[in-house]
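Scrolling down, you'll hit the structures one after another.
Consider the two complexes below, in which chain A is the common component and chain B and chain C are the respective partners.
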Partner chain A sequence: MTDLAIDLQGVGKTYRYFALENIRLQVPAGTIMGLIGPNGAGKSTTIRILMGLIHQERGEVRVLGHRMPAEQVAAKWDIGFASEDMRLYDSLTLAWHMNFIASIYPKWDAAYAQLLLKRFGLHAEQKIKGLSHGQRVKAVLLLILARRPKLLVLDEPTTGLDPVARHEVLRELTDVMADEDRSILFSSHNTQDVEQISDRITFIDRGRIIDSMDKEAYMDRWRRLRLEIPAGIEVPALPGVIGIKRSGRLAVAIANEFAPDLANAYETSGARVHAVENMTLEEIFVANVEHSREEVNS
Partner chain B sequence: MNGDFVISQSDKRPMYFQIMEQIKQRIAVGDWTEGQTIPSIRQLAVDLQVSVITVKRAYLELEREGVIVTHQGKGSQVAANSDLGARMREQELEQHLEQAARIGTQLGLRSKDLERRLRATCERLAETKEEFA
Partner chain C sequence: MNRSVVGALVLKDWRLQRPSILFSSAVGALSLGMSYFKGEVPFVLGGVWFFVSIIVLGCMLPVANVVNERKKQNLAFVMSLPVSAMQYTTSKVISTFGMFLIPWLALLAAALMVILGGHVIPHSIIPTVFVLEGFVLMGFCLIAGAAIAGENEAWPMTATLVCNSSYGVGFYLFGRIPEIQHDWASPAAIWSPIIQRLLIIEVAVVLLIIGLTFFIQSRKRDFV
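Entry: the complex of A and B
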């Protein structure tokens, strides 16, 4: 059995205008999981539950083998958690924060912290209130990364960063992968980041998980087919195709369970297949959310 | 290390495919030689800043194509064969011919017309060569 860094089973919580339903989320040790979904989908709620910050009403949560929220004190020694509302002390310096964290966590790696200062272009003697948004995000990440935690849980780590800062952050996250025991769960609106660095992808929308699987296998299932359909011909609804848009003779079909036979099936039905294209995660994301909402509404 | 790999998000081909192409290029030009041990999957993933699973996929496909071999516990090596340069040109030619045939069909050309056009192109190229010779 593979070790699971994170294991959520049947997790739910109901609010007045929102409910998290039957969340099953598993992150094998040594992998990077990207959590994506539209605003208000339940990404942050899920993350807060697995951190023990809010308590689920239903289901089991285990993080690094610890039951949450009951054993959160024990679990948190080895978790580095960052979210957008993370507070540092404005009137104190980054160096003060580094010393503070170092005094609490015995695994603090002072040499790595110095290296990160340099890589992130930060100055230890600078007070937090003088930092830009991007510098604050990098400061928080530095404080977490230098603890070398087994599990990183990052809520939107690259939001609001300029391209260079984003690149610096992604570089440190991929550096974590060099160690086979360390795992990352991160949420993002930025599908590019998720596509680039995650091993597994979880799609969440309206409080439910739509898909959760191996990124390569997942992206391989999706294709866009550009078709030419002669006037008077109706192509049948084919299995594996979630939608087709047609204006005049040209049409675009989106397949979420593509197999090479599909192109042949269109040809057999009288259409001409001009191209079969791979889709980016962003295109898949939008198509998937639209499709799952149509299913809910119908 | 391996900083000259470029994984571009504006490239329409999947990332694993871009990695395969660039490994093949290294072998074709002789930077990576037969029997040479290539970076581990995890190492290349860290270097390229892409996920382990993506590099793993690239290596699996390269193994299937006979470009590299992987021995449990010993990592991956460039396969001994390896007329890879010629094979890649061959593949490229095949792709261009396919493309020409497809566009030809769209234009309503018969295969005879296509043959004639290809012959004419060959002749034209030969003439240009003579002029410059």
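Entry: the complex of A and C
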């Protein structure tokens, strides 16, 4: 097996009102990659390209070592894919769906499927049309987890779930990673979910990858500095600071390449540093997207 | 060819559409039973209902088996399985055409048994039954092809509209052919050159539509 579960190089696709530009995305085997982006950023298009459902116009796509879309059949034997807009057959029961998937996948783990039924509080004999949204999402997850895939590709799986159901789904995904060879690509615009389970993150906006790296290292680079700038003092534009918002004497500087020297540099320029704060992934995401858009517009 | 998955998809479609097939087959069989009774009214009514049941099945199946799968967002689930777009198309062609052909053939066989077994309906009607059923098969193929290869619901809806409005005209024009009218008067079935030509054209059109469906699907770049 290759060291990369997913490898997209220079991938592009142009639509009338949207374009995916030069996407470079690598998911090492054994990691959980969170793909974060606002609505319409290109998350689903990227995921559909790597599943072979949409053909890229430019670039190379390899999933589990298979070229996509040409070798999608071979790749999909080892991929569990779920998307927010995926629906099971309303008129049939969950048990029928389980038997259907079991008839296709030789690796179907019936004991694990029964365990998931209990953990998710699902009843196999219930028809899909009788399930709530949360139960439907869990049913889809059961169907893909019990086939023991090497790679899980989940496009906004927690959208619309209540907090308890979200917690159950995220816990199950974390448990799945007990197998070190298994990888997950998890897209969401909910940064809390991604922050909770991912060990790598990728930001995408308006069809472009903004950043992609290890989550801890990435979050460690971002800081918010609360400053007081006396009248008549002009603070210089410091490297590693992407923006500064002033409100009278008070200011907030956002750093995306934070180093302890940065606070000293502000002090030297005449400003007082009141606090250096960590940022949540959501705050980083919003700041990053806004900065990226400003750069593109300028 | 990934036969096991294609087979599983075909069986899945059959399971989902079983009630519609059984219902239309039952209506078709009842209609044939009615035409077995003596008298012009049961014969005409039975014959009309017989064709109506096949036409309704031909319109309903592609919508239920293909369009609804897309509309109800089941397609993403199917395409997450180890199948390519062409294998999906193969499964849809086999399941949709198979689901139609089995009751279609059964009703054709039943119609022949009614005609040959009784003394009410003249045997000269047999070639007409073949041509008219072939005409319905052609229409079904057009609707099914449009449903499978079409990007949205408008394609099969347009095909259904075209077919349904052409059945009546087609049957009428066929009945106006002097050679056909002449042969109806005969006590035995006559496979005249015009009947043979019509049957060959129908088979050719059916094969052309199936080929076109695969061709259009193979050109698609975005599948879901």
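The definition used in the following text is that the second predicted complex is superposed on the first by the 296 of 298 C-alpha atoms of A that agree within 3 Å, B and C clash if a C-alpha of one lies under 4 Å from a C-alpha of the other, contacts with A are read in each partner's own complex, and residues count from 1 in each chain.
Please note the rule applied: contacts are C-beta pairs under 8 Å (C-beta built on N, C-alpha and C of every residue); 3 or more make two chains touch, one makes a residue touch a chain.
Keep in mind it's a predicted model, so treat the numbers as computed, not measured.
Asks: Here chain A is shared; do chain B and chain C fit on it together or clash?
Replies: In the arrangement built by aligning on chain A, the partners chain C and chain B fit side by side.
Asks: Touching A:Thr31 in the superposition: chain B (first), chain C (second), both, neither?
Replies: In the superposition, A:Thr31 touches chain B alone.
Asks: Going by the contact rule set out at the top, does A:Ser198 touch chain B (first), chain C (second), both, or neither?
Replies: It touches chain B, and chain C stays clear.
Asks: For A:Asp85, decide between first (touching chain B), second (touching chain C), both and neither.
Replies: second
Asks: In the overlay of the two complexes, what angle sits at the CA centre of chain A between those of chain B and chain C, given in steps of 10 degrees?
Replies: Spelled out: centre of chain A as vertex, angle of 150 degrees.
Asks: Which of the two, chain B or chain C, is in touch with more residues of chain A?
Replies: Answer, by number of touched residues of chain A: C.
Asks: Which partner chains sit in contact with A:Met51 here, chain B, chain C, both or neither? Use first/second/both/neither.
Replies: Only chain C is touched by A:Met51; chain B is not.
Asks: By the touch definition at the top of the document, which applies to A:Gln72: first (chain B), second (chain C), both, or neither?
Replies: Touch partner of A:Gln72: chain C, not chain B.
Asks: Please give the least Cα distance, whole angstrom, that chain B and chain C reach in the superposed model.
Replies: The answer for the closest chain B-chain C C-alpha pair is 26 Å.
Asks: Find the residues of chain A that appear in the contact set with chain B and again in the contact set with chain C.
Replies: none
Asks: Mind pulling up the chain B residues that touch chain A in the complex?
Replies: 7, 9, 12-16, 42-43, 45-46, 49-54, 56-57, 106
Asks: Okay, in this complex, where on chain C does chain A touch?
Replies: Touch residues, chain C against chain A: 2, 4-5, 8, 12, 15-16, 72-74, 76-77, 79-84, 87, 221-224.
Asks: Under the definition above, what is the set of chain A residues touching chain C in their complex?
Replies: Residues in contact with chain C: 48, 51-55, 57, 69, 72-74, 76-77, 79-83, 85-92, 96, 100, 103-104, 140, 144.
Asks: Name, in rising order, each residue of chain A that touches chain B in their complex.
Replies: Within the complex, chain A contacts chain B at residues 31-32, 170-171, 174-175, 177-178, 180, 192, 195-200, 214-216, 219-220, 274, 277-278, 280.
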